[in-house]
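Two complexes come next, and they have one chain in common, chain A, joined by chain B in the first and chain C in the second.
== the complex of A and B ==
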């Protein structure tokens, strides 16, 4: 929202004969927009600083000798502006600029991706001259060049508007793309040694990526804001034309940021996704994972029909829905009525509607509270924290974080784990020097771009710092301060308890930022062992009575005993104390001990998998029921703020939502779930009354003493990089190419003790396995070693079976030194 | 049908003779019936028949997969998917080619707007009109069916550019290279197609 709506110091001016009053300092082009007068422009973008690079927006201002650029000129009292609509001078000036821009712009619209949705094409038609006087040969370049594996640049199409370079510098903070050279040779490029007399980039790397490739998580935005076809994505290049695309508003399913998107599809296949315009959430930006990561839906191992394990052969075979549902219902009924009961693992990727269906299905069809959405390292403390401090509360919003007096980050690296929150904080940092404090083992590039004050903190000792650090308390005591905790803080004993206490003590607002899109929704839907939908504690009679009333149940149907969480359910399965397991979108490799989780899945007598693809769970299941991916169903996500983000189906394929399948399964068990269609679930959720029951008390776990590493050991710090081996990024090699290289990061002291320097291979191991990666020495807390959680060559949970805060052994590897940019073998200590 | 016993009236007799007169007079007129399946008449030279995707003289496809024909089509009869030419597999000069090209003759109205839209003169129309089929699926012509046959000197793509270093060499010579398709354009006007490679 522009400042136009809040009356401050106002000035009155005339544009095209219309008198208008607008706040002082507004730009002519913005005020004209409000009047419905569209001045042609290329470099101007409302979210970027004015630059006046393209000169296309010239207007005639009375009293000025020459036409002036309306995108850089603030309005003044009594100003008389005439645009191309009323002034011959402005019209001629704009036509002249257009002629200049087109001198070196090739007429290759037929092969250009922008053709049909190109501001240059459109404005050349609407405000350009019909004839060009240019007779000579146009400037050409070899085309195209890679700025990254994903972003391609056709330099001759560029009109030097500097939108991409300004975006990279101002918004994303990754200034690896810049305008270079002079006069008509001026071009956008990345840093290349050879342009300055050096040798081309190291052999083996993508030779045309430049010496410093554009490695940004937000590079896709430069493609979207490019007003010509100079920047294109390798993924969409030549794939389609705008006239043939059907556009649907959608919501990103990747993380808890909840970005508005536009999904374009053609003949039943998604061709591309663009950032939607939502000032309250993602403004006009999107991260590359959300923009480019959608091909997992069309992966080769997508499940399209139900499967049942054949008792004779022991293999899965295709079955009719009726048979699969009957087999699943029979197995679940037997397990439910046995002593072990049924556990439900929903995972963090479900829509609110689907999560609600699982919660209700577990409670009334399976009569259990053994339901948990957390498919990651977890603790009881975290469950208590979520019930007490998050469920049913509207957290601080993006706008409140932007306006905050100070932000403290604990257990969260926002650039990697919630990129749109990162952009919002960076905007606040640039615009008004927002003070950001972060508890982290080292200063990441993300913290650097936020200008954050990093409180060095080994994993596991966050609680002590939160409880005792005076600077944090001082920062949070200012009115409007926000304490943002990530899901990783749950792995530090006492961390979440200390965070709640700190927020209470200082009056700061508390936000919980999970990684996955469905986690907050699943929490509100009651996919936790001690929490019913709407933040109702299972143990509170009034909460149960409210829900029994809403669901039309008799008293006593809802179990009053809290159920088992993910860890306990899997432990019970391994021990043979579980009758059956219903698993939705869960990858065992995401759990803190992947191998133990797979053993549990092998051990459980009856496993029902509601899956999209032939996953590790589906392969072990007794019944596999195919579900619809996000793109093929309607639903909603809740952002980390608690904001509802509903969306409709993009593709109509007839694939069924989890909720609909559960409804069918429940009716086989003789229970009416009423979750058959999305509108019905939404209506039921809307009709659910606000709860009067007492809230769950906040956790009060004392900080545990941090682990003390012995000689040759270190404490493991780890988090997911944004672009990694995640299941929802499968099938997209161009996106994978923009991932940050997998390295192991050490502090200087530890590196000296080991006698290693940058690039040397180091092996990190546990009793389960070991990983060898090149070293990057950073300024880090001593005796801490950092690894990406799930990147190529660094599958921490599968290979090490360890979570952050665990003790690991660190040793120099005997293998040959490896370059940081290549994949590294997972085998312990082996040479490549 | 007529009653056999009643004598024909005078006026009826005159009418019959008149009627035969018409018949006899037609015997001496020019014949309009054509011996269609056996001896089809040639169409007008600009008759809008089925399409042809032309080739460059070295056999590369002129189509660059730009989809402008599909955009121009008022009947939504054309479907194109573009793709990248690679170092190892080149189908057309330049970066882009059509990996899928279909024209649905159950929809095509033969208006020729697609020809006007084509920026490389790849798409032209032949005079072939015998398109009837009893199977709708057969009416969707694929790229293989639409592509002009290989003439002597042409090479089946994919293959590298034989007529120059860049696609410019193909297009700047465009006037002396009107295209090489059988049917719609006159093959004999292109000199030396045999030694192009």
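== the complex of A and C ==
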């Protein structure tokens, strides 16, 4: 509860003859709910500001001449309220409104996606009259119109409740849909120039998306809260009936926000996902990536059986599990016992249980500390930071961020990288004017929607600002302030060291927000070269002893020397110093130098890939072992807060968890892993003793002088856009169509020096390659150029082989930019 | 709020005169900081004054100046019938066809004008002089049936007089309304509605309530009819500040 709604005063009233005391200012409809009295409603939504648009919630209040709307009227002392349950006036009023609403409603429930879960249908049954007196012709419209590639609107079904438009403006901050026109022509729409005498766009130009499409990362929520079947998703439209679906509570696997969701399936196939209700995490919202991005599981290249590389043909061929496991075990044994050893790359998308299995497998079956979950730019400083300041710590939580006196963001664009954290911060900004400060090269739309004060900061200069900026220190010195650092801050030398020091100095709480759902869990599970499960430093004898005890190991089995990180493991592979690699869900294109990573995979003598789809790793592997996707297994994720988000399998298939496969592999190596099933892993994790060992010391890396761009050069700034080419978004063109266009952003000075303006093609290059995109001139730190990390036409890591902070060349391009047609959905295939 | 999130198809130049831009700034300056959005209605009148209607360029102009999305501007501009979405004539003839005027002759007047001018509701004569519309209650039922030309009243008008009025307008004459200010063409009027007052003294005309307006009140008084429980002294409560 915010300070504003803390009850300062209470009032007593009666509703349907029941006396009730409730905080002053509460709405009648909410207080009635607490008594178990459900007043019919359409526009009312507890998380949106009241409007009184639909009039369905009329109640009879003593002393009022006419029935009043219970969703907009605050309670008062001595008020006597009668709902439809006890008042004929209220009952008749509600029935009248329902009759009005149905006048223009098509009543096409038999072909409507909402039929069976529709508040209008239900409330027409509970509250409406059996017959309509309306004799005339109903309003009709061509069906449906696109509000975006994903969100469709059947206008004749709309009851003008304005839930969708209010959500877009209040919650998401994307007011691209509005109620247009008036009276019986009133309709929700995006802006279309035709409405004001403009020419409709040429055929085939996607003009059906309007002149200003609904470009929002949260648009799917409007479909879910629409109280009728007016809004549907292109993905789910006409695909199923609610009563044919089996619903399972689930947790989103896409990012570290950890949204509660509901997954609906029918006959073994997921039909849709909805936001779950979890006030502590995602309230009632989710983002479009999490809602719509689930078709990757059924992609054509899903691996369904184990494969081994045939020594004769050199090609992968299907194999029985027994054969594949034996070949894998044999190859790993040989590598383990040779001088090179085995490296383990687990990626950031595993469940806690699976990550734990890899951690344990590496330590006791492969006898190595060469394990790292980080499939992205990384540093030793980061590993030290994670061990010292993150592992084993709880919070700050969403609620603490919402209540914070100030929030400072470094290396994080929350709308793109942790959308539900963004929504929570936006809520705090709207409701209590939360002061947000962001270190960033320019003011993104996300920062704008948070009312953030942006401290202009070229990539690489974060440490200096964190260490020296007085305004940041002042903001963070207020009690309850939170310093939120994104995983990207690890790419700025000294940044994380400075963040720890700043939090220490000011007393602010420190949060680390990775992008992927499995990173925090992998950290706690010890998928790092110098960290064992539970934040235990490899180098601490006590930490090793604790774990050896828990795992029933002889002394000395656990290696006391820190292992190699992702970069070093791959470098060793390229140099021929590594015997084998075990790789889980890692896409080499995510590593800071994608091509170098692929060379390493090519070079390693023996490669075992535990994979879902025929990825760049699987294609190079000697043994491929198919694993279960999130939807087909139980597991848990940890949110960025460190909150455990356990979930059960949605679909019961034969697919096996990574942990189970590793258990089998380990037993071939003569080691008992005990990770066969999820409950067993959970029990083992729960039984791990709290550690007494000293913590890893925090990093103390000095800020590096920022790179100085020469003429024709700039410093690269880059991060992922939420909807992009990520492989977990494959298979949904409608979702891809809502992505933000790929552009290269640069500041006015640089634009002037180059002589370019908005839309002109600009080429950003390195020794590895170059990208050409239309330019967008923004208020940017000079000599910095921004690119989306993995969007159509902007595959930075593959094409440039560079990470944020690198020097790149910038020049005017003579060729035409590749992705000028930004509204056209991007077809998958080709580069991943 | 970014208006056009990374929009590439952004129109490059919005052609509005420097004078209009100055006036727009003047309008926005009338509102307290943080409340600039309130300037939208006068701004829409302003762009209508320059173009004769609210065009896509006008929508974009308002959106850009106020930091709104074009959808937000369009929602407002399409709600108020005073904003024309297609080029309108100099003279907007609005015939009240709501219940009171309708039964007293308004319906017939509208039909007659429609035939006479050869245009329907919200349509403009080919010579560009007159836009005809049927209107909801113009709040002059006491003078029913009424029509307005550019929002000035012609009281108790039957079809025949209405035809005369539009004929005069098409001939370039300016018939004199029964009450209120003299007529001026729609663009000029739009400018006035944007808050740039007509300098002519006769531009402002405000008389006492006329006899038909008072007739009802007198009758009620004579017979002691009053609204139950209505106290004219009831103070108006200020609305609570809405949240951000």
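Keep in mind that, in the parts below, the second predicted complex is superposed on the first by the 802 of 832 C-alpha atoms of A that agree within 3 Å, B and C clash if a C-alpha of one lies under 4 Å from a C-alpha of the other, contacts with A are read in each partner's own complex, and residues count from 1 in each chain.
Operating definition for what follows: contacts are C-beta pairs under 8 Å (C-beta built on N, C-alpha and C of every residue); 3 or more make two chains touch, one makes a residue touch a chain.
Computed from a prediction, not measured in an experiment: that's the story for all the values here.
Looking at the shared chain after the overlay, A:191 reaches chain C, while chain B stays out of its contact range. By the touch criterion stated above, A:133 is placed in contact with neither chain B nor chain C.
Here chain B and chain C are compared by how many residues of chain A each touches, and C touches more.
Looking at the shared chain after the overlay, A:215 reaches chain C, while chain B stays out of its contact range. Shared-chain residue A:181: touches chain C; no touch with chain B. Using the contact criterion defined above for the overlaid structures, shared-chain residue A:241 touches chain B, although it does not reach chain C. On chain C, the positions that touch chain A within their shared complex are 1-2, 4-8, 10, 53-56, 58-59, 68-75, 77-79, 81, 85-87, 229, 242-244. Residues of chain A that touch chain C in their complex: 49, 65, 169, 173, 175-182, 189-191, 193, 195-198, 211-212, 215, 429-431, 433, 445, 448-449, 740-741, 743, 758-759, 774, 776, 820, 822.
Chain A meets chain B in the complex at residues 110-111, 115-116, 143-144, 237-241, 243-244. Listing the residues of chain B that touch chain A in their complex gives 64-68, 70-71, 81-84, 94-96, 119-120.
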